[in-house]
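What follows is a pair of complexes built around chain A, which joins chain B in one and chain C in the other.
Up next is the complex of A and B:
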């Protein structure tokens, strides 16, 4: 459907919804979704803005391939200044919501200002209006979706909403759509909550936009789907084990951060792995995993749908948690599990469901519990302060802390700060394992050196989805590089970051890149979109988006000092595994990376670089 | 050989490629709300079920239509709606026990699956084989083969 050429501007202060023509010149320079929405954001918002002030804006944006039969063409992103990080935030989500927004005839929705009372946005094709949400405030994501569908008498409505954590100011709240798909990181849901915006409900009956050359487009999408089906990762690994295919692999590499990164291998990794999700439980003879599931248009279907053991302590007498629900994905299984030393698969799935139900990021939450457990271990946090014993490995503490965070009670309020603010508060800022106040995901950069650089320089704080060099360093995609060395990683990280920016702006899932390169995406884009979408244009596009985001962060006050890793990763060598004795070589890689990017030693893009990219 | 759509819900992932293909084939747009096949998501059971017209031999919709707008396609056996004849009275939508004939407000007529004239777009688009287009007399062949494969009649080596 390429672009609808139309955006919706919602002024929450004034209570108005207005239609605007999409800036098609920008669409040629920034494509859509991440790139185009960030361009709008940067043009309209002061980089110094307080993320929770009404002056911050929040954009929900689709790409030109969203809502088309291109495989995985169902994505949308939420772009804002992140509550957790204070940096540019762009969180990508699948499910069905993005495609529905496209069918309703919009490319993106820009929210500005702040509503006086809780509201939700209702979109039915070109009709958009703000509706009272006082009856939804205080409700979970699951309840909100159900109530909206009922009151509109339309089960086919798609809903994106925040849970109680987004209302309570948990700094890492998500926007959750279709019950268990989330724009998860950087606190984009916190920003949504600060605007008193509870939900967006969309129904698109019209469809819209136009594919430039439908015949060529169908041929290109069919060819690209075949590439996914024939690839071992996207055709077999991901559908069978989901992203959880990685748990045992990464553990064996000695790159599975364990107990707040004290260790790099987890003795119970196997118990929380994708393989374990397939095994029959002794209690009820059933496997946790019920089936795999796809997001809109996806021919990979990495999604996991699971059922928790009804006899597990976390859900005894709670039949509302006995049904099938989303999870576990690798990042969540790691963050809730290995990061805390918890090897109880059922507890992890229960907490994962709580994260979906009340809309908070399991990566940051799990890592923050890990930091709290270390503070407890060191005697800095006491049993009285936390309200319970919280040693590493305690599934009981994990479960209770998740419930408290969801509801905003007791120590849950402090966990809601995220690890950076929590550790700062208790005088040990160096124990927060992250970059730019955002916690690391599931790869230890002592065992996968390139990821250290990818984390340090990610524009939205530590993240695996900005430059996934794991693909190369571990899986050999597109070429195998040695995970234990720093040589060549600056160029590798840059290449991944730039290419990912294009995929994130097209409307497709980054998991396609296990099989697709830009050369597989290019014919699909070119057939769908007007303008000459050559490989060269796409290459420049990715680099342009990266530098644009960087300029925003620099103007927001970030400097080269913020492109760094916590001391633990630079001074405490890995204790076991193939990376034993190694620390991350970030200080060596960073200057090489700045040079490869055409930036000064202070991490500022040079005039020539900006001119070359048309910035 | 007459063929039939054959649906195996256990293989369905809920990607909706079938709905997109249907709307494109019949309406020239990518828009699942125009699709004649629907995939239902039973969230709590973790089941996705694609559902469309089964092309009954003795079709209720066809019998109910007062103006004879629903007729059998001689080659495919599909019960097809002739839009030029349909008056939009919706009696067929009441008659069909499965709900697979539906009114389209924009055209004032009804629509239902017509097997795309013998090359159903949903079946071609389905990446998992949840929808196939097979010999109408042998829709059970797949299942028979699966069960046959489980029938162990070989003597065991070290039993």
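Up next is the complex of A and C:
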């Protein structure tokens, strides 16, 4: 089931669904998912387009290994021009939706135009049609999925949808599939909402396309699964504690951004950690964590499923929130917790469920609350403006602000702008902790220097998943490097960015890279896909994708000035921990990185680089 | 001298029950005590002693048998873990 060789083009303005042959020459050059969909996007969309204009397009794309027996082969991505950032956006999600789309016989769906009224796309194998979604508009993600499944009388339909935040123009709305998994960042759900597209419901019984060499493919996937099982991180660490095990690690290292990056260590980190999720609560004698969970075809199973304490103030008298639900993962726990100084684990899980329920990115939301709390602390925002006291550390404020953002009420509308626009509005743009208007994730780049460069140069704005040098700088994967120095980080960031581009285009999860290298992925791709997928070809592929995205951003108006960090990280040294006294050395690393990339001092790929990559 | 000894994730099972709530145990040690001495004292399986930090700074495997402590330092140990 590599490529189905077929894409679905949905013109929302005309109300049509058309089948097209997949461009197989491009598939050889850009593989699938992130790479191939971005190629389509760039060929078809003006880089200067307003992200919320009908002329912007939105693509849901699978990779050649999506829906196959390859471990973690259930991924799909949403590619568009990001509402939050105005840059190329590519948000990756797991769950079961991507595999189902593949089973229905499609490699990707391209949405263009804008529907006059709310619609959802229904796909049942070859049959695709737009259906009225007036009855779904105003519903949450959870409600939408339930209503669609009931109306189709098919519980096995997979649904990707937006919640009320995507309808209300929250700039960091997600596309949520399978209730708890999300294409989370950059406002891809906001773009979907701007098109009056509420949901995509897919049921696939076709089984998908052909594997080039089934025998070799099965041998390759079995070998690769053994690598994951034998690896202590993917075989034991992630299933047991999930990503949340990092909370104490990163705090001990002095790289846990706290109170809008004022501090790098959080005194209550342990209270919101993976270890805490395992502990029995004094109130009901139960641990918050119920079980771990896996996406389609995943043999790691890092996902968390939890239950909130029914006596907690956030859910008392709200039995609809007493059941098991997704979370907490590390990024959400950090953003909702340490980023605004809240050490209340139950409040964090409740807000995390709200983020899933109404489809907004917990990283950007939590970081934006952190920025608002700093504005409140400085007296720039008042109790009257916010509608409540909102000091750092207030779980009550966090909970109320999340509810207001989900519904698009009161100050929630302002939080829905994201921190960059919020801080700009109140005259303190430097207090937004992000790059290209997208907020940082959970690693302070004063304590992990390479991440500062990874954030600054990420094509979709600040992001840990474009070049996760934490693996090397903290965890020693594949080799340990010193997190406190800038030397060697340009090459390290480039290597991570290029390799990740390949994994994101294959249909597998980036978490496999804690155990796999490209050498583990290559035999699987080579057996599944027609063509010769050599290591050399994959190396060039990753670099090609990265440069292609860069060219789009440059054409959209981004320059080297946008490859930068907020002043706080460059001028306010870390106060505690191993990085005490350090700022991030982005100004030293950036030129080294441009050189390693074969770009000019202005961050523009040279003619030689483009020629070498076939761009 | 006094130091703080921390074990996380699955290694926390090697702490006394009263220390699990905080993952931390105050220890009184000799000035000659090394990281590996404590690993052995608490019967930690060596293959699970993966990420070793003293006051947040990484201690490479080759230095763990010789690294001693200064008053007030914090030793923290994790098995192989990752996240994102």
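The criterion applied here is as follows: the second predicted complex is superposed on the first by the 615 of 615 C-alpha atoms of A that agree within 3 Å, B and C clash if a C-alpha of one lies under 4 Å from a C-alpha of the other, contacts with A are read in each partner's own complex, and residues count from 1 in each chain.
Throughout what follows, contacts are C-beta pairs under 8 Å (C-beta built on N, C-alpha and C of every residue); 3 or more make two chains touch, one makes a residue touch a chain.
This one's a predicted model, so the numbers in the text were calculated from it and none came from an experiment.
With the two structures aligned on chain A, chain B fits next to chain C without clashing. Using the contact criterion defined above for the overlaid structures, shared-chain residue A:547 touches neither chain B nor chain C, since it reaches no partner. Contact with chain B, but none with chain C, is seen for A:296 once the two complexes are overlaid on the shared chain. Contacts of A:468 after superposition on the shared chain: chain C is touched, whereas chain B is not. Once the two complexes are laid over each other on the shared chain, residue contacts for A:243 go to chain C alone; chain B is not touched. In the superposition on chain A, A:207 makes contact with chain B only, not with chain C.
By the document's definition of touching, neither partner reaches A:4: not chain B, not chain C. Within the superposed three-chain model, A:179 lies in touch with chain B and out of touch with chain C [touch as defined at top].
For the combined model, the angle formed at the CA centre of chain A by lines to the CA centres of chain B and chain C equals 80 degrees after rounding to the nearest 10.
Distance between chain B and chain C in the overlay is 15 Å (nearest C-alpha pair, rounded to whole angstrom). Contact residues of chain B toward chain A in the complex are 13-17, 20-21, 23-24, 29-34, 43-48, 125, 127-128.
Contact residues on chain A toward chain B in their complex (touch as defined above): 1, 67-69, 71, 96, 99, 103, 156, 179, 203-207, 211, 214, 225, 229, 239, 290-299, 301, 303, 305-307, 323-325.
Touching chain A in their complex are the following residues of chain C: 6, 8-10, 12, 21-23, 47-48, 50-51, 53, 55-58, 60, 74, 76, 78-84. Those residues of chain A whose C-beta lies close enough to touch chain C in the complex are 231-234, 236-238, 240-246, 248-249, 252-254, 270, 274-275, 279, 330-331, 464-465, 468, 470-471, 474-477, 480, 482-483, 510-511, 514, 577-578.
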